[in-house]
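Two complexes follow with subunit A in common, the first pairing it with subunit B and the second with subunit C.
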Partner chain A sequence: MTNFAIKLDGVGKKYRYFTLDNIQLELSPGQIMGLIGPNGAGKSTTIRILMGLIHQDHGDVRVLGHRMPAEQVAAKWDIGFASEDMRLYDAMTLDWHMRFIRSIYPQWDQTYAQLLLKRFGLRAEQKIKGFSHGQRVKATLLLVLARRPRLLVLDEPTTGLDPVARHEILRELTAVMNDEGRSILFSSHNTQDVEQISDQITFIDRGRIIDSLDKEAYLNRWRRLRLEAPLGIELPALPGIINIRQSGRLAIATANEFVPGIAAAYENSGARIQMIENMTLEEIFVAKVELSRDEHEEVGA
Partner chain B sequence: MKRSVIQTLILTDLRRHRLPILACIASGIFALGLIRIGGELPVILGTIWFFTGLIVLGCLLPGTNVINERKKQTLPFLMSLPVSITQFTTAKIVSTVGMFIVPWLTLVIAAVLFILGHPRLPDGMIPVVLAIATLTLVGFCLIAGVALVSEAEGPMAAAMVVANSSYGLGWYLLVRMPGVRAGLASPEIIWGKEILTVLGFEFAVIVLILGLTIYLQSRKRDFV
Partner chain C sequence: MDSGILISQSDKRPIYLQIIEQIKRRIAVGDWSEGQSIPSIRQLAVDIQVSVITVKRAYLELEREGVIVTQQGRGSHVASTPGLGIRLHQEELQQHLKEAIRLSALLGIEPKELESRLREASDDIAAKERS
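Up next is the complex of A and B:
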């Protein structure tokens, strides 16, 4: 049996106005997974369930081999969790927080903590209330990283940060992965951040996982084809094409399983290929969400 | 020896709140000093001051130690540590009650010694003072329990109203009990059936509130 860092199997949670539905998620050791979804998609709920902070209504959750939420104490010794809404004690200094965490985690690495202080440009003797938002996020991350967790769970850690601070944090997360046993689950609605560091991407929307693949597979499979179709020519419906938008003679086809045969098929139908473009992760994400919502509405109708 | 996470959380809370605790003790000692001066006004002022200090601390601690964890969003930070919801609740109950018990016990002992050492105050007052002081402990436990379970200011404020109203009512009912009234002016401490029943009832309510708090917290499915 494979030992996953995270494994969610058929997990669900029902609220009055939101349902997390049948979540399947697997993260192998040494992998970075980006969990991308719009606001209110269920990213934070999923993360809180896997941290044991919210109990699922049904389904099995295992984190580092521990069943959650029952074994959350054992699991949390090896998890570093930081979320966008997490705050430190305003009236206390960063040094106080470092001593607090060090008193709990025997694996606390003081040398690494000092190094992070320098890299992040933080002053340990400063009270948290004097920190900017970016400094607070970095301070939280320092407290999480210096305890050397096997699994990092980060819920929107880069939200509201300036580009320099974002870059510093993403660089540090990439450096953490030099230790191959570590895994990161990283949620964001910022696809650029996720694209930079993730090996694996999972899209979530309206409480459902709509796709989960490794990053290269997404970038290799998705293409946008710009076509010129003379009037009277009907573009064929081809497997792998999820959407065609036509305006006069010009058409844009979106492929989620692109193979060169698709271009050939369009040319055989009388259309001319103007351009085949790679798609960014953001474009793929938006296309995937739209497709998922259309399919869901059709099923519901 | 390595401390457990629960112990660490308790000690951290105690360290963060040492100033209000010390201020309450200082305020209580000052109140006893006022009573020591003698005369009607200083005694009345001193008695009010003495209990007001405890009541204010009893209202302040659940707010700063429990409600603020959610309001100021430090709860996710604490819950990211290796603790379960029940362990966290236990730590919060022990630290919050402990922070109140330290000045409460200090001042209750100081008040008892003060009465015993004061030539004009009858020792028979001591059971009544203990019963009233224990009522502030009951009120505090109610406020702390409601704060922990509800994690909201509204229900906590309602608990404060109930607790603070009960102090005056408790005093009123207590001194009207014939057995208690008879012993009040006695030069010796009289542990009558009525006062022991009152004290027993108060401690039973404390155990009930704390037990119910832990039970309700352990049933929570969504914590952060």
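Up next is the complex of A and C:
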């Protein structure tokens, strides 16, 4: 299958204190996928496996049609990878790095590189030694973006950046989508970034994927219902409602499979719907992780 | 073409609804006229820095409402319905009326009383404009 930019099938990796379990992932060309999860959830391990930097114990990994890790050399011509622990040479200038990358990758776009220098406010003649954290992140991304790779894999590209730098980077990432043949996979703790620019969302928690789907469909399934119920009435447990908090005459219900029938069912039980609210990805993320941990613990008990 | 669309982070509504509303407003005020071509889904996504899938959802919704027309491979344009701008203004008014009726019901205000309150409010505004 060469249709997917990325396809992981039944991928697992066991460490002493951490197991990545049965990872399934598909990213189509022309799309941005945001990978979110708490610290230590397995985001970076997943990224490293699909880059061929760590070898999976089992499962099939294909990136741009290449089997990983076996065909990683061929695959990497068209992948731009950036992660926090990538080091630039402190003693060298940014221009030296640019010439170095340009000498390896023939598709390097010097005009775009110059434009990015300006947009990111970087000086090519400056040594990396004098760069701030934000400038280093931007320099690393510049080196990757100017190659115009078909696939960008970015581990936490906006972590530790100020709001202006974050926007500069998000702008360049969305600009990549002008070309329908290119794709991006990025991990982030910043759910707002993910909510804004991703087409696909993948949640990872404790080494397992707990959701991976179309962002709009996903956001659309979750709702918060604010209800007013007379004292003494117990609101029914409804399918699609994962949590209900009743206090006095007011109650808040959280739906992860919202359908209008839920509101009707509450009204039939004597409650009045005050408001039905959409939830942000961050709210969904927290609710989802809590729910999935509860379920997991019940099964385990 | 600058879409002039701005996504607000303090707006609690989903991004696709904000896009729908701002496109309707552009048409209602006459900036985008009937039959005029508008940015493609991908162009708008890049322009306002949101995901393609979000803009696609907004466009699908606008198409279902008969506000825009999208043709495979030929981009999107404002529907060539005469009086579309006025219709969008009418719909907005209808929304506000519905909201007023909903709030009145919560306060136990009868339709007759709502009518007279509306008349008072409109007299008030007229008086202020005269002075």
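Some points to look at:
Keep in mind that, in the parts below, the second predicted complex is superposed on the first by the 299 of 301 C-alpha atoms of A that agree within 3 Å, B and C clash if a C-alpha of one lies under 4 Å from a C-alpha of the other, contacts with A are read in each partner's own complex, and residues count from 1 in each chain.
Basically, a residue touches a chain if its C-beta (ideal position, glycine included) is under 8 Å from a C-beta of that chain, and two chains touch if they have at least 3 such contacts.
This is a predicted model, so every value here is computed, not measured.
Look at subunit A after the overlay: subunit B and subunit C fit there side by side.
Of the two partner chains placed by superposition, only subunit B is touched by A:M86; subunit C is not. Of the two partner chains placed by the overlay, only subunit C lies in contact with A:D199; subunit B stays clear of it.
Shared-chain residue A:L115: touches no atom of subunit B or subunit C. Contact with subunit B, but none with subunit C, is seen for A:Q72 once the two complexes are overlaid on the shared chain. Put subunit B and subunit C next to each other and count what each touches on subunit A; the higher total goes to B. Of the two partner chains placed by superposition, only subunit C is touched by A:R171; subunit B is not. Subunit B and subunit C, viewed from the C-alpha centre of subunit A in the overlaid structures, lie at an angle of 150 degrees when rounded to the nearest 10. Of the two partner chains placed around the shared chain by superposition, neither subunit B nor subunit C is touched by A:I276. When the shared chain is aligned, subunit C comes close enough to touch A:D214, but subunit B does not. Taking every C-alpha of subunit B against every C-alpha of subunit C after the fit on chain A, the minimum distance is 26 Å. Annotation: subunit A has no residue touching subunit B in one complex and subunit C in the other.
On subunit C, the positions that touch subunit A within their shared complex are 7, 9, 12-16, 42-43, 45-46, 49-54, 56-57. Every residue of subunit A that touches subunit B in the complex is listed here, in rising order: 48, 51-55, 69, 72-74, 76-77, 79-83, 85-92, 100, 103-104, 106, 140, 144. Interface of subunit A with subunit C (complex): residues 30-32, 167, 170-171, 174-175, 177-178, 180, 192, 195-200, 214-216, 219, 277-278.
Residues of subunit B that touch subunit A in their complex: 2-3, 5, 8, 12, 16, 72-74, 76-77, 79-84, 87, 221-224.
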